[in-house]
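One chain, subunit A, appears in both complexes that follow, with subunit B as partner in the first and subunit C in the second.
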Partner chain A sequence: MHHISKRASALTASAAALALILSGCSAGGSGGGQQASANKTLVVDNTFDLKTSDPARAFELTGSIVDKALYETALTFEGSDVTKPVPQLTTYSMSDDDKTITLTLDGKHVFSSGNPVTIDDIVWSYKRVQGIAGNPSFLLSNLSTGKPFTIEKTSDTTMTISDTVANPALPYILPNPSLGVLDSKTLEENGGTTDKDDKAESYLNGKSAGSGPYQLSSYNATSKVVFVKNPEYTGTAPKYGRVVLQNVTGPSQKTDVQGGQAQLALNLNSQQVNGLESGSIKVAKTTSANVGYLWLNQNEQVSGGVTNDPDFVKAVRHAIDYEALRTVAGSGSTQPGGIVPSQFLGALESDENNTTDAAAAKSDLASSGYAEQTVTLSYPTDATLDGVSFADMAQSVQSNLQDAGITVKLNGLPIATLLDSFRAGKLQAGLMYWGPDFPDPSDYLTFSPGEGLGLRAGWTESMSPEVTKAKEAAIAAEGDARAAAYQAWQKASNADGAFVPLVQAARYAVTNGVTGVTPNAIWTVDLASIE
Partner chain B sequence: MTAVPLRRRRAPSLPVAWRRPAALAGALVLLAWVVVALIVPLLPLEDPLRQSVGAAFQAPSAAHLFGTDQLGRDVLSRTLWGVRSSLPLAVALVAGSLVIGSVLGALAGYLGGVVDEVIMRVADLVFAFPTIILAMVVAAALGPSLVNAVIALLIVSWPNYARVMRALVLGARGQEYVIAGRLLGAGPLTSLRRDVLPNVSAPMLVLAMLDFGNQILLLAGLSFLGLGAVPPTPEWGSMVADGVVQFSSWWLATFPGLAIFSVVVAFNLIGDSLRDALDPRTAGAVQGSSI
Partner chain C sequence: MRYLAIRLGLSAVLLVGVTIITFVLTNLVPGDPITAALGERAAGDPKIVAAYREAQGLDKPPVVQYFVYLGNLLHGDLGTSIGTRNPVVQDLAYAFPATAELAVFAILVAVVIGLTLALVAALRRNRLSDQLIRAVSVVGISVPTFWLAVAAYFLFFFVLHWTPGSGRLSAFYDAPPRVTGLFTVDALLAGQPDVAGDALAHLVLPGMVLAVYTLGLLVRFARSSILDVLNQDYVRAARAKGLPGRRVITAYLLRGALLPILTIVGLAFGSLLSGAVLTEQVFAWGGIGQYAYRASTALDLPSIMGVGLIVGAVYITVNFVIDVVYGFVDPRVRVG
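Then we have the complex of A and B:
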């Protein structure tokens, strides 16, 4: 026994020594002063979903982090605030009919090749996004009409983007890193075109061609992406001269950031960050813009005469334990008041229709025609709401509804199967989520009676004229009146609608010795702002 | 080879099997699980479905011996209730594939000809796919539920029995006592039932015993993949799946995993000892079947 305990204590001592050395390293990384850190390396851990760094083809979370560091966009968002587009390469103005946005180049930006950023580069980059027809191409077309926007150069410093219908969301679409502006001269020399013949992807996966704070040093879609400073960058120079973004799984991210091998970990879950904060390790919580919601089918044929009963819908709204769902989704998660995520323009803070109230649930259920029928609640088994299992949320909802006297059968389906049946409007009830295409409430109008998502829940225009009226008012609203109009539309939907917004999960950014990490709903994190 | 009427050998050798310590250990573990399955509603346990999200992810303690899961449910209670999903279904599954496989195999072996060709080619078709992959395909097509998982596994596991049975019947068919029976006027089905089947039942029983562990694993595997038990049913495979994504809460996967392990090992110990005790020729017979 003696022998063992001696060895154990020797082990503990050497482990402590190792920890000291490692913490010394990380202290050097952060405390070395700004001058020293200019040549220092920042290591960021991320669980990769990287497919390409070509902005016109990338629409993944990791791809957005990469493209945000390499490319600038016409407009951008400041920090975490996605409610107000601000100028980056250009300033903007909207036409009176909200159909056209005019971009005016400020002429101060330069690509890493030394070429100045011109209006031709922006037009070329946008046409390339449309022409390649990759995953992000929908950004430059109207989601409901499907018609691509018209992109035109109007002078050497101005251009226009026009939709066929009023589209106040235009300035909110442009900050997406997939609309990063590329050096068209360099790309054309390397196979770049604005149609399907484009062959510049492999070039862009080796070298970047942007005006962003960093340029690509090395790229491997499965292991790591290395960035070095772009010497031509005209904005505030980033603090770190070199950034390594590496593919690491959750549990290893935790040990990396604890040991100081990484200064930032982006994919830890609520369990893993529990009790992690100590010393130089800080946990920043933000709310994801993905909204988990419950739908109740309003179509008589699908609803079984149950889920289309307005009193039954009310009972469900009051029976759900929203706080329990927030607990399941991890600390820092939020219950949105409406279907628009809490951080977007027009978000509703809360709504008395979606509150836990067991007594109200009982009386609503009693006045409904519910007679012990079993309600089938479908949910995706192979997708998560920012890491939160839909099966867990479904079980929580099932238990809440059962407490209120509603019998629920769970029906877990692979997401592809679920979407097939959901799109066909064949599922009685279920859980899904909506991730924003761009941070504007108009992206959520599809959750209206007679619109795409509404019809998936069997909700037709004639069922809720009030909601349709509120939707039309929201579309017609301009400028500062938009927020209130969208809130009124959500209030109407909560009073008489097929969707119950449930929860937005939390996201965690764990740092060791660095600051300036401002989480953003569109590009997760701006590597250049880290200090 | 002389035909040894097995009935005479089996009577004294069955108790011999239980005298082997390994078999006894296996039998005791299994007996314990059967008792748990029968009396679990009477045990002073928490409701396995009762959620308390405020008390989620609690490490094992006096209040929760096996800790709590992601929805604050008691893992001990869920593990013990889980035996009610796994054991009866495994029994049904093995019994089902034993019956289906034996009948088809015996017909193929005894009748030969077209019947043999058809049955064995269908079996080959099933054998052409890896078991778990084919089971996943069938289970996914039928939709997730434990019963559908059992049906899927039935479809993939009967050919094993059919092949062994066919080989055994082929061997027995030429024995003098069978021929004698036929000469005395027994029809093919009577001969099969009275003279052949009793003499090939022992190796089939051993095969079934050894297969139990395998089937429990496959059932748990399908649930693990989300193709078996539907939440919130406590089931070992899906409990392990819940635990795997919550790596830091080791108790979530460990205890249901140990439960699966104990049952599988118990069945294998019993099966091994049965094989040794019941019929020393079995190993040869089973091997011969693959020719």
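Then we have the complex of A and C:
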């Protein structure tokens, strides 16, 4: 039987050789990024949180990248600068009382269908955002009262958006890709309406209907979105005729960009980019606008009589080693002085209440009624702060607090479970983050007593009248006075509040052979600017 | 026929069992899928939350939800995914062929290489080649699929440049016109041999990674099964009367060892589907595995139910087919 086993061995060897030859030939043939570049195909790796490409329904990070490429907005931001809205489809002017913004169409833009962009399209698109009541509909409502803005066409080239109270944030809201302007004629032919009966989502997930630099070629929310150039685009034509945005995990993103499979990787953390820069591989580093924070529940029934003690809160603020948290968050991270991110109007550079001071922590703890109770610190196990593990941050905080004499029990939860309990105000303490809805400090007033986030931490208006007063002053402030007013509100919150701003992590964009990658706090990256 | 009818009936009962278990398990998960699906602001708006609950049918008691689900299921409706906002049937129709293509490739690799190695090991019992093959088999069973996928991707794509990168096709190719959803087949049907070659090349590494566990398992059991048959009188008789070696192997050895091998292939198919969850994540494959991962981390209950159902159905179908094949291979089974 010896000859039989020889034959079997040969078969095995042949099978293995065939597989390797086959894959080897193809790998050589594809040539990774080189051939992609020759065919003007740009490959971008991203860890998807995509749900839809319909701008009126999308409010996820990946959705913003997609919609920024497909749709233009009335106003936009230039590059990374989110402090100054600039015209895109329209110019704008604010009324003296800051209640109304008037948009004036420039009349130069055309949808991929060939239809011109009209003021009716903008009004229709905004009313659709409001009418659908989807994730981003709050953008066109007053955040405190929930009352929708009034949207009116005032002429063939002008329209107004009005709030019932002064709202200087209006121009900062409009560049959001969720407010991308749709071709209303095309959409109405495909089930689009401005109310809950709208049926155009499936159409938009197959074909786009915008005037942006790209149009949709293929779309799969789980794996891949392919864009091709919009021939009707009136702006500077993008350098790449085709873009593939694909869903790839962090470790594979690193291998992809190193191997030339992708030209841009968007979700690598500080450990993964360490030592990566060499040759054509560049690492662009910016500070993320996502703020990681700690909350201490002020509701006596949830706090166990511990986390609602003002001296205990002070002790926690001084016990935390913010420098250690920055180390955990990686090079390029920063400690915000308040809850408003460091790059936004009204950001606080630092605050003495949130500084590491072991002696002050022990003294404050001694003044409090803390009697060695165990504090439960919850954190999400399946979400990160721009790639930084909340578990690592929680362990760092636990260690700091234990050094100060506070016993902490860690409670890692899936984010869906944590959010459920947090939103119900049932968690004693924990770590979470807030990403900006729009780059204006008014977005952060939810961290006030009696407001949405405040109530999750059991923080009612009557508990901190000084903070409420500072919040009202910030809302009333106009023009240049706004920055100082928001800083005063954050100082008041730090002195007597339920939230401790901890860290803004670094965000990395790793490129291989491309330039023009400009990180942006609202849409992460503009695919059309990549060269 | 009676044997077939009994097996078919049992399969249907199992399928209903799968729907019940999947439904109960998904509803036991702590956390509200709707608040998980909505953004921070939207989740704070009771009107939006109520609209979502109504649209997803989550405003009804769980028992009612289950019977509504079952009723819709009979009409081929698996609900709408909270995550992708598509009908789950549509998502699965897109994702399933991707995984099927990968799984079939993996099972072919595992069966061809595994049976060959098992044969070599059995025929060269206790020699060096047998020891080596057994060691490889143990490694194949022991190595975690996720780790193997990452390591293999790094080695064969990045270091050696032997295999293409992640995904089902190179970035500069568009997917071929959809007929079966299997890129290799669809590309050939569309007369695009270069695309078919590229799709096949992309199959190699994830397919091999996925095959490793099954291969290890198969070598172990097939070797043992072949050794059992090798000592049977009828095999000795065949060899004694001077039949050619190839005929002894195919007509006597392999046929005699087939039943336990079929069992392992059936069981292995289940592990292939579960292994695909991790492998597809690493290779950005876009199949059922990647869909299941996304659905489970986003508490997308309709999608989780859909995946559970399709995986259960495939598993039951494969085992049904194997049961039937058993009956043909060994008539004693039918009688029993």
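Please note the rule applied: the second predicted complex is superposed on the first by the 471 of 531 C-alpha atoms of A that agree within 3 Å, B and C clash if a C-alpha of one lies under 4 Å from a C-alpha of the other, contacts with A are read in each partner's own complex, and residues count from 1 in each chain.
Here, contacts are C-beta pairs under 8 Å (C-beta built on N, C-alpha and C of every residue); 3 or more make two chains touch, one makes a residue touch a chain.
Keep in mind that this is a model prediction, so the values were computed, not measured.
> In the overlaid three-chain picture, which partner chain does A:S223 touch, first (subunit B) or second (subunit C), both, or neither?
The second partner, subunit C, only.
> Please work out whether A:T154 is in contact with subunit B alone, subunit C alone, both, or neither, and reply first, second, both or neither.
Neither: A:T154 stays clear of subunit B and subunit C.
> Between subunit B and subunit C, pick out the one touching the greater number of residues of subunit A.
Touched residues of subunit A are more numerous for C.
> After the superposition on A, what does A:T255 contact: first (subunit B), second (subunit C), both or neither?
second
> After superposition on the shared chain, which partner residues are touched by A:S331: those of subunit B (first), subunit C (second), both, or neither?
neither
> Would you sort A:S93 into first (subunit B), second (subunit C), both or neither based on which partner it touches?
Neither partner.
> Considering only the touch criterion stated at the top, classify A:T164 as touching first (subunit B), second (subunit C), both, or neither.
neither
> Can A:D382 be said to touch subunit B (first), subunit C (second), both, or neither?
A:D382: touches subunit B and subunit C.
> Could you tell me which stretches of subunit A are touched by subunit B in one complex and by subunit C in the other?
Touching subunit B in the first complex and subunit C in the second, residues 251, 382, 414 of subunit A appear in both lists.
> Can you check the complex and tell me which residues of subunit A touch subunit C?
Where subunit A meets subunit C, its residues are 1, 3-5, 7-9, 11-12, 15-16, 19-20, 22-30, 32, 35-36, 39, 41, 43, 48, 50-52, 57, 59-60, 133-138, 143, 146, 196, 201-202, 205, 217-218, 220-224, 226, 242, 244, 246-249, 251-252, 255-256, 258-259, 261-262, 382, 414-420, 423, 434, 437, 452.
> Spell out the part of subunit B that touches subunit A in their complex, as residue ranges.
49, 51, 53-54, 56-57, 70-71, 140, 144, 226, 230-232, 242, 245-249
> Taking the complex as given, what residues does subunit A use to touch subunit B?
Result: residues 250-251, 271-272, 324, 327-328, 381-382, 389, 391-392, 394-396, 398-399, 409-414 of subunit A touch subunit B.
> So in the complex, which bits of subunit C are touching subunit A?
29-33, 35-45, 47-48, 51, 83-86, 91, 94-95, 109, 112-113, 116-117, 119-120, 123-124, 129, 150, 153-154, 156-158, 161-167, 170-172, 174-175, 197-198, 200-202, 204-205, 208, 239, 245-246, 248-249, 281-286, 290-291, 294, 297-299
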